[in-house]
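Chain IDs A, B and C follow the sequence of writing; residue 1 opens each chain.
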Amino acid sequence: MAPSMTKALSALTAAFVVAALAACSPGDGASDPADADGTLHVARSESFDGWDPDKAAAYSTYQTLQGVLEPLLRFSADGTEVEAGLAKSWTYDPAAMTWTFVLQDDTRFSDGTPLTSADVVFSAGVWAEGSNYGSLYEKITGVTTPDDRTVVFALAQPDTTLPVLMTWSSSAIFPADFGGRTKKEYFAKPVAAGAFTVADWSPGGQITLEKNPHYYQEGRPYLEKVVIDVLPDATERGAQFQAGQVDISEYVSSIDAKQYGDALVALPVGQVEHLSFNTTRAPLDDPQLRKAIAYAIDYDSITEGAFKGYGSAPRGIIPPNLANWAPPSEAPFTMDLERAKDLLAESADPNVGELELIYDAANATDHLVGQVIKANLAEIGIEVKLTALETGAFLSRAYGVDADLVLWSYGAVSPDVVDPLGWIQGTSWLFTGFETDTVTQQFFAYSATESAEEKQRIVEAVQNEALENAQAISLSEFQVLHGVSERVSGFAAAPWGMYYWDTIKVAE
Amino acid sequence: MNRYLFIAKRLALAIPLLFGIVLLVFLILKVTPGDPARLIVGLRASEAELQLVRDQLGLDDPAIVQYFRYIGDVLTGNLGYSFKSNEAVTSIIAERLPVTIWLLGFGALLSLAISVPLAITSARRPDRAFDHATRGFGLVALAMPSFWVGIILILTIALPTGWFPVGGFGETPTEHLRSIVLPALTLALSIAPLQVRSLRASIIAVLGAEYVTTARSLGVGHGRIMSKFVLRNAAPPTVSILALNIGYLLFGAVVIETTFALPGIGQGIVLAARQRDIPSIQGYTLLFAIVVVLVFLIADIITSIADPRLEVES
Amino acid sequence: MDEEMSRTVLSVDDLHVQLTLGGRTLSPVDGVSFHVAAGESLGIVGESGSGKSLSLRAVLGLLPSGGESDGSIRFAFERGEISGDVEQVRGHGVAMVFQEPMTALNPTMRAGDLIAEAVRVRSGLSRRAAKARVIELMASVGIPDPARRARMWPHELSGGLRQRVMIAAALATEPELLLCDEPTTALDVTIQDQILGLLRRLREERGMSMVFVSHDLAVVAEVCDRVAVMYAGRIVETGPVDEVLRSPRHPYTAALLASAPSFQGGGGALATIPGSPPDPREFPSGCRFAARCAFARDDCRQAPYTLAGDEHRATACIHPEVLMEASA
């Protein structure tokens, strides 16, 4: 061997490895000093959409936003009720069509400046301007402030659901006039009233949050820091979790659930995986055909095979475990091949040919569900072409209602059925092109009535109509999964997966 | 003087090449479906708002106009602003670049540390046990995809021993060093087999050369023969191969950075692609193209320096 | 001719070289023996393919891959005897000069650096001292402006200069025995003369022994004291060079002389030796020259090989008298 050359290389490598080894502490994988004083490490696969709530599109962004930019109200741990937050009380006057919110006694922004009703007024203006969510706030015709602590929202029509909307991260409370900064400057590093402040962040990179010393809840948050990482690779995320580098791995796909073993937390079912039919054109404008397909599907296979058992058989199109949820009174679709074939024979044109099913290529479970559907429909003689599309392309076509079949899922982001109802309405009836006048009326009726029974009756009606029309069918009700390390206590997530960081403690 | 002219000429040729690459990427992004405006504005935005964004970004202008606007910006050092975060693409790249340089640098070093001794030993005793074993190992290593190797290293070394973090890059230089070991090793294993093959072949060829016989006849020691007579002459083809593989190396960086959660250029371009962040994608691609062209140029220069017989055309 | 000194610097006895190429084994050197006395210059002459270069390389163990040698090779230097391990003698008593200086010099090493390597083999001098020695050596082999030339690459030097560099490198190891494998064949005639003159001068100055392999009788005549003629892997005649050239005792030697231009009396057409050397894969039994020999007798084709004679003069021909009669 050439001594000079090989020795040099070997020496270099040896030095490199020794230095690397010497830099490590014996045996311990996650011995960051920060952990010793209460740092929570969170990992998810979606990158952060930025601090402007109007731009938020992913659960992980909503989750991060509510930690810093807290809205007036919060949701309960079981996800069925609205709870006090920055506002301690909220009262409805149906005659005057107003909602009156009273703020907690001492509320401040994280820089110490007081939070008053004037800030709420300003924020309401920002919400209404939002290009994405602004339309949701159209029902607010005016905001007045009788005093420092009180805000009155005037409504365009009777609406009992405003508090639910006030738990959304899009209803964040900003300092009036953005504290003297421009909107762009503000959203580069926002100052708000949530449990944490922004220490450091970069989109697509790491976010570091620090405890807000002026948080309105005494003694909270318990954590000093929350560090959020974007790890799109599921195996890497699982590995970091096992190594103790990550305390909470959010929104774990059912396919990767195994990696977490006992540390996996499966929330009550709250998501609906749905198959939407294009009702605007042949052949799926025929309800008989749609029902035929609905009876051909092997729902168990989907729940067991695609969701690995983290779900249950579908009951209706509306996600369960929300306030005022009610099941349909009619029997939901189940697998019945004979019935499916009969319905198909009776349909307007039994020679269906090929149907195209589009889904988001980034979603591995949808890929599996698609395979099941394809196999199922082959049994009744219908060919299905599976087209996986990149997210942007998928959304374009879905919104454009230009594919035969659309496969997706949805759930709530707040504790009330009004949330999914609004989504159905806003997406041309879940991308089916079905008329939305009926559901819009039902939505308004639901919002107007104060009676819980009446609300549930409306929900039941929506569920039944969905079964009768079969414009979109529920394939499975599945669970959101999180990986939570045993170091963590005080973890309480609503069925749709969101939780508050200010209830959490980490053990040493 | 010849050499400087050579470099200047090559650089001059590189410019149209870069233009062409940017054009290609530009066209590909234009042709693939999916409206970036939709992703910027959000799912619930109205058509009017979508149109506003499209006007703002000039997405409805003719492709030619958009292309030349972009070229003009690039030449003034402005690579645009990310659709996703509004951060300047140049600063996004500047933030991520060092990580990738760490990875590629240490990876290349490790690969040499592995391949050179193996090649020398195999070449001196060709077709014997060691040579066969090396070739077999090389074949296996070549067949293993780097993300798989990375995961295996994580599962078999990082997790059980805790010596190395399972992912991420750390804050301090010491943490950087610790974090880069396994990724660099993964990269090294993916390119070492090619280097061993090439180096072994050229060493064998050189060992049979007359000037090696001369050296032996003079009684020069084995070590000096290897370093001064053999490797100096055997290296250039391998350097060329290493350089030609720069594209593969960059790709490897993408895969490895994603596997090990390293916040470098590779992970950056994956994220940008998922988010349809066109300015970032174009920026990264331009960077990759520049790197590849530069590396080819440097390899040519090194080869011409190493072999003084190569006359540099004037 | 000087009296021979009693010491035999190189004794090669019954040397066989086998080449294994593509599964077949040949013996291009088939029982060769020669001795070189201290201060003596021995020439080995033969056509290409006769095995002369291989014999020389075998002495230093520098056979190409697939080659193996067998036989006794012994050295007797002033400092002691060595046999068996050729690695020890390389650069420590024996050095070699090759035929093709372009390929024999490392293209990635400057001329001076190569010579310096050789200097270092001999004595572990410091870089600066080695550098001075290099210049000295280059001057001694007649390289003009040695300091400048030392920094040049081989491809920047002319053929003659390259050969001088190689000789300088060989001399740097202060050899007692210099092996030359057709060192002037690749050079043009004027340069050839210069190199030959250089070699002669160096021999005189240093009292070096030399083995000089060539296909050119005239060249051998100029630099050698004794000559051994090789044909088809065997030595067919040995003797003092002027004696052999004046009155050869083997038909092959005579034929060589007849066909060599420099040995013709003026005017006559060049004769060539009819036929061609035998295929090494199928050497005939008996005398290998018999097929082309003008004087062959019947028993030649069965004659076993022996080099008959003494240290001074020997021949492998079993009927040398026939030849001597013909040329009388």
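Following the convention adopted for this analysis, contacts are C-beta pairs under 8 Å (C-beta built on N, C-alpha and C of every residue); 3 or more make two chains touch, one makes a residue touch a chain.
Just so it is clear, the model here is predicted, and its values are computed rather than measured.
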Chain at maximum distance from chain B, centres defined as averaged CA atoms: C
Centrality ranking, top chain (CA atoms only): B
Computed distance of Cα centres, chain C from chain B, in Å: 54
Centre-of-Cα separation between chain B and chain A, whole angstrom: 38
Euclidean distance of C-alpha centroids - chain A vs chain C, Å: 90
Set of chain A residues in contact with two or more other chains: none
For chain C, residues that touch 2 or more chains besides their own: none
In chain B, residues with contacts to at least two other chains: 224
Touching residues (chain side chain A, partner chain B) in the complex: 1-6, 9-10, 12-13, 16-17, 19-21, 23-24, 27-29, 47, 49-50, 54-57, 131-133, 135, 184, 202-206, 229-233, 235-236, 239-240, 242-243, 245, 362, 389-397, 399, 426
Touch list for chain C against partner chain B, complex: 60, 62, 64-65, 87, 90-92, 95-96, 98, 100, 103-109, 117-118, 121, 153, 155, 166, 169-170, 172-173
Parts of chain B lying in touch with chain A, wherever the complex brings them together: 32-36, 38-46, 49, 52, 82, 84-87, 95, 106, 109-110, 112-113, 116-117, 120-121, 151, 154-155, 158-159, 161-168, 174-175, 177-178, 180-181, 223-224, 226-227, 230-231, 258-261, 263, 268, 270-272, 274-276
Touching residues (chain side chain B, partner chain C) in the complex: 208-211, 213-221, 224, 228-229, 232-233, 306-309
